[in-house]
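As written, the chains take the letters A, B and C, and residue 1 is the first residue of each chain.
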Amino acid sequence: MNVLLDNLSLYAEGLLGTIELTVYGSLLALVLGFVMASFRVAPVGSLRVFGTVWVTVLRNTPLTLLFFAVMLGLPRFGIVLPFELFAVLALGCYTSAFICEALRAGINTVPTGQGEAARSLGMTFVQTLGGVVLPQAFRSVIPPVGSTLIALAKNSAIAGAFSVTELLGTYKTLNELGYSIIWSFVWIAVGYLIVTLTISAIFNLLEKRWGVAR
Amino acid sequence: MTTGTALYDIPGPLARRRHRLYGVLATVVILGIVAWALYLLFDTGQFTAAKWSPFAYEGIQEMLLRGLGNTLKAFAYAAVLSLALGGVLACGRLSVHRPLRWAATVVVEFFRAMPVLVMIFFVFVALKVQPLPALVTGLTLYNGSVLAEVFRTGVNSVERGQREAAYSLGMHKTQVMTYVLVPQALRAMLPTIISQLVVALKDTSLGFLITYEEFLHAGKLIAGNLDYDLPFIPVVMIISPVYIGMCMLLSWFANWVAKRQRRSPKTEAVEVAPPEPGTLMPGAGTHP
Amino acid sequence: MRRLAAALALIAVALLAAACGKEGSPPVKGPKPEQLPAYQVATGFQLPDSPTWSAARRRGHLVVGVKEDQPYLGEKDPATGTYSGFDIEIAKMMSASLGFDPKTIEFRTIASANRETALQNGQIDYYVGTYTINDLRKKQVGFAGPYYIAGQSLLVRADEKDIDGPEDLAGKRVCSAAGSTPLQRIQRDYPKAIPVAYDTYSICVDNLISLQVDAVTTDDTILMGYAAKAPDELKVVGRPFSKEPYGIGVPRGDTALRLALDDALTAHEKNGDWKKAYDATLGLSGVPAPQPPPVDRYPAS
């Protein structure tokens, strides 16, 4: 218990770092994932290829390697940014591949008849998309997107090894200060549980409100 | 390609012409981005002989191969142990004894909610274990818990009739499990299991962070050497295709198994799980 | 199917590349073997009072603990496995004076945290590797020397004009090894600097070159090693702001060996070997050889 009370500000700082990484990383992943998903279902061949390559490469790359490449590679091209931004970039791009697949699967669950019916009523493409297809797809993608974002929160721990302030990294300072390592880790674990359970609660709420019963 | 979705009608001649125009435009933009990236690579001198010549020497190649061997070694240990742990935990979760079921549930849910890296660091730092066992322990705890859930869902998704028929023949629980449910569930779940092993393979690279001398670590040693003119980009260019290739090979294998199982009469009573659900991502999977 | 073909092609290329490599390892910028001084091996040297020496005599060679990741001090060529650097030269001089041909030394990499244990349980005969002498450590091991006085300093890019010492670090990003004494000193004494921590110094140096950090701090010897490897890109600035006397670690009870090493150090400093070794290794960084520090022959306790 002492470990937590004595170092409350250190833990708070670490937790805040993890939350920041998670929030910004999620936003980037959702936006990029949406763009890539629309590329992958586009009627334009080259965009489909680009989306497929993006997803295949990122899904099969170890995240540690991606962090390594982004954190130490990009500065070589004169791109000098704060470490946090690099971490968000790596996390967001990596997760976007999984979000893209979840969204694409969601779009594919909408029966073809729905689009055909909408078009036969004379709806334009935008109307079909916004009024018929996406609302239905949205309902079915809530759970997979939720678990992907939980994974993102957990993966943010890797950023700590690349000099970004986050929860896991606090153990180093505590270790130097001579606190019990076991207890430091217990509180780190509690911190991650708080973050992942919060995301899970948010998505449960979303699902109750908008999800489809199947 | 896209005729299967609700998004578009089958294009007419006008739409096709328009799509072709979009296609040309998009291709130009994408090629432009690729060309710019290549220009940057050349401009910052990533293709100089000084940066690439180290890789021509046997000493360096052996070092990389040694690293790759260590990566595969950690993967092999982690895969076997995760499967074993997953089996044990699944037994616990399917048990008729309530305390056992509860204990297994707590273990599975806890380790699925923790980042793998936290567990690896805990074993490495707090329990003062060597890097390889620490890495393998962390990977085993996490992947074992996920696999336990996979096994459990598999057993539960076998058609009810199968179980009922077996019981009505007078088999007892263990017999029903071992002769009827598990064999069918395993076949159906094989694609998901292999996908989960891809996660384990990817996560062996976390060993890099606890100084386990795996593939990425070997790459870092070369990349950080001032004598070789810091060949960082060349190292990434050599290492990433190998990692991506290994993972793609495993993913492809999972797909192939899934296709085969779907045609097999032996899995008729179970729905074959899709090989690449969200679980391909470390840490994903349905949450409570 | 396409994926499989691509993966197989990749493996084939990798195997092909592995099969037709040039022998050996890439050339390194470290000390050239031909420029290193040769040390006169003492003939008929006897030290029967030292159990360590007697054991080494029976074995036929010495086992020396060193570091492997410090350019020009103790560095192991990743590809060939050979060691080079100033610390390695000191170890060789000592070997020659103890009557063992330096070529026969068996070097062993010992991490900082395991140095005392390795000396206590006889894994190594002595240890040469940026080993700072202090009273706490003297309770566990013996120290011959010091053979060099290092101090914490700063490594910056060659074109840096704003940083001349630790007092210029306000608002600058300073990199060092996570949890190390130099990093703690910066955080304590210069709180306006922004600390950045990695596991190893080599990533710090990489970050320095790619403009991600503004300075790297640790013992000047280590920094000079990096500066010597890339003199066009890096330089060491300012006066050292701490004192780190490097000693040769020996098993604590073996006073005979410790005093013999003290004698050997004094002799090699006098006959110019010390300076030659410095010039051939650390001297390549452009910093002229300092006066070797006086040897501290503290009494056995």
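Quick note on the criterion: a residue touches a chain if its C-beta (ideal position, glycine included) is under 8 Å from a C-beta of that chain, and two chains touch if they have at least 3 such contacts.
Keep in mind it's a predicted model, so treat the numbers as computed, not measured.
J.: In terms of CA centres, which chain lies closest to the overall middle?
T.: Measuring from the global C-alpha mean, the nearest chain centre belongs to B.
J.: Looking at C-alpha means, what's the farthest chain from chain B?
T.: Measuring from the centre of chain B, the most distant chain centre belongs to C.
J.: Which chains share more C-beta contacts than any other pair?
T.: Result of the pairwise contact count: A-B comes out on top.
J.: Express in whole angstrom the distance between the two chain centres, defined as the mean CA positions of chain A and chain B.
T.: About 17 Å, centre to centre.
J.: I'd like to verify one number: the distance from the centre of chain A to the centre of chain C, where each centre is the average of its C-alpha atoms, in whole angstrom.
T.: From the centre of chain A to the centre of chain C is 43 Å.
J.: Can you work out the whole-Å distance between the CA centroids of chain B and chain C?
T.: 41
J.: Among the residues of chain C, which are close enough to touch at least two other chains?
T.: In chain C, 199, 203, 206 touch at least two other chains.
J.: I need the residues of chain A touching at least two other chains; which ones are they?
T.: 72, 76, 78, 161, 175
J.: For chain B, what residues touch not just one other chain but two or more?
T.: 220, 223, 232, 248
J.: Chain A touches which residues of chain B in the complex?
T.: By the definition above, chain B touches chain A via 1-2, 4-9, 11, 15, 19, 22-23, 26-27, 30, 40, 44, 46, 113-118, 121-122, 125-126, 198, 202-206, 208-209, 216, 220, 223, 232-233, 236, 239-240, 243-244, 247-248, 251, 276-278, 280-288.
J.: Enumerate the contact residues on chain C facing chain A in the complex.
T.: 178-179, 184, 196-199, 203, 206-207, 210-212
J.: Which chain A residues qualify as touching chain B in the complex?
T.: Within the complex, chain A contacts chain B at residues 41-48, 50, 56-57, 59-65, 68-69, 72-73, 76-78, 95, 98, 101-102, 107-108, 110-116, 119, 125, 128-129, 132-133, 143-144, 146-148, 150-152, 154-158, 161, 168, 171, 175, 181-182, 185, 188-189, 192-193, 196-197, 200.
J.: Chain C touches which residues of chain A in the complex?
T.: 72, 75-76, 78, 80, 83, 161, 163, 172, 175-176
J.: Of all residues in chain C, which touch chain B in the complex?
T.: Chain C residues touching chain B: 3-4, 6-7, 10-11, 14, 17-18, 21-30, 71, 77-80, 199-200, 202-203, 205-206, 209, 226, 229-230.
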